[in-house]
Amino acid sequence: MIRARVTGQVWSTKRIETLPNGALLQVELENGSSMVALDVLGCGVGESVLITTGSVAAAYFTKIKAPVDALIIGSIDE
Amino acid sequence: MIRARVTGQVWSTKRIETLPNGALLQVELENGSSMVALDVLGCGVGESVLITTGSVAAAYFTKIKAPVDALIIGSIDE
Amino acid sequence: MIRARVTGQVWSTKRIETLPNGALLQVELENGSSMVALDVLGCGVGESVLITTGSVAAAYFTKIKAPVDALIIGSIDE
Amino acid sequence: MIRARVTGQVWSTKRIETLPNGALLQVELENGSSMVALDVLGCGVGESVLITTGSVAAAYFTKIKAPVDALIIGSIDE
Amino acid sequence: MIRARVTGQVWSTKRIETLPNGALLQVELENGSSMVALDVLGCGVGESVLITTGSVAAAYFTKIKAPVDALIIGSIDE
């Protein structure tokens, strides 16, 4: 898993229908690169989070084939 | 997921038969590298998009085993 | 698989429910980058470990769909 | 998917039995790194190709569990 | 797939039980980074090998869910 810090939110009105509800949060990784992860925990900007990636992230959604390859799985206690 | 900007389109006449219809768009990532993603949303050059990668991208296609490891899943509101 | 050294532990009180028990260990890879891996072997700080990543890591957990994309699979004899 | 140019061919007499027939082509990616991809289209040295990677590549082979994580899925029109 | 050269062997007495038999070989990739791959072909130090990674590597093992994300699939003829 990867540690990252939430830096903002992304909105996408034109999107494929299987993208589940949940915030699309922009996060910055320790190496300075950034990515977008789906958040189901209600994290906010500045929060330190733990992210899982790839098909493991998509497998969290059991009712649909979610096109999600990055999911926030926890907020890191600081 | 990764943020990227559409920079062009790629055509491939000689291709394997399971490659689904949809535009093959060249995109540039924030770190400057580029990749090709399948687009089913009708995005255009200059558009800021959100991409999912790996088997998660292929799973969007339910009727065939699509050899697609990068799919545009949304256009980012700007 | 990747070689790494355990550098600490991460705690995440606010987490998704399918994250299995087991220590979340911070590890440093040979290239200097770091990641967090789930540990079921009881490894400690300073230990040299072997990590598997991606859905292969999640597949270790047979009873739940664990959102784990990095798992310590062995301690390297030194 | 990734754009690359074919730079040569690789032969492997001692190999695991599930590696399917097809040329093992050495390709150079836009970032200068190289990899080996299985080719079922008959591409040649100098050709610009499109590559899919990971389990998506292996899924193309329906009759066997092919240990292939990089497959040429098209030749790019130039 | 990735080309690499075998540089040594790794032993792991404390390991998870599903790690299959086979040598754990340290390999160096063309970009200078290193990884550990499972070897079922009997490769030796100095040998040039071809490696497949991710769940594709694990899929080679049909009787168990092997936590293997890197597998030597061939020795490269030199």
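As written, the chains take the letters A, B, C, D and E, and residue 1 is the first residue of each chain.
Here, a residue touches a chain if its C-beta (ideal position, glycine included) is under 8 Å from a C-beta of that chain, and two chains touch if they have at least 3 such contacts.
All of these numbers come straight from a predicted model, not from anything done at the bench.
Each step here moves to a touching chain, and the least such steps from chain C to chain D number 2. Chain A and chain B have Cα centroids lying 19 Å from one another. One finds 31 Å separating the Cα centroids of chain B and chain C. Multi-chain contact residues of chain A, defined as those touching 2 or more other chains: 54-55, 57. Viewed as a contact network, the protein chains form a single closed ring in which every chain touches exactly two others.
Following the touch contacts around the ring from chain D toward chain E yields the chain order D, E, C, A, B. Across the interface of their complex, chain E is touched by residues 1-3, 30-31, 40-41, 50, 52-57, 59-60, 62, 71, 73-77 of chain C.
Interface of chain B with chain D (complex): residues 10-16, 18-19, 24, 26, 33-38, 54-55, 57-58, 65-70.
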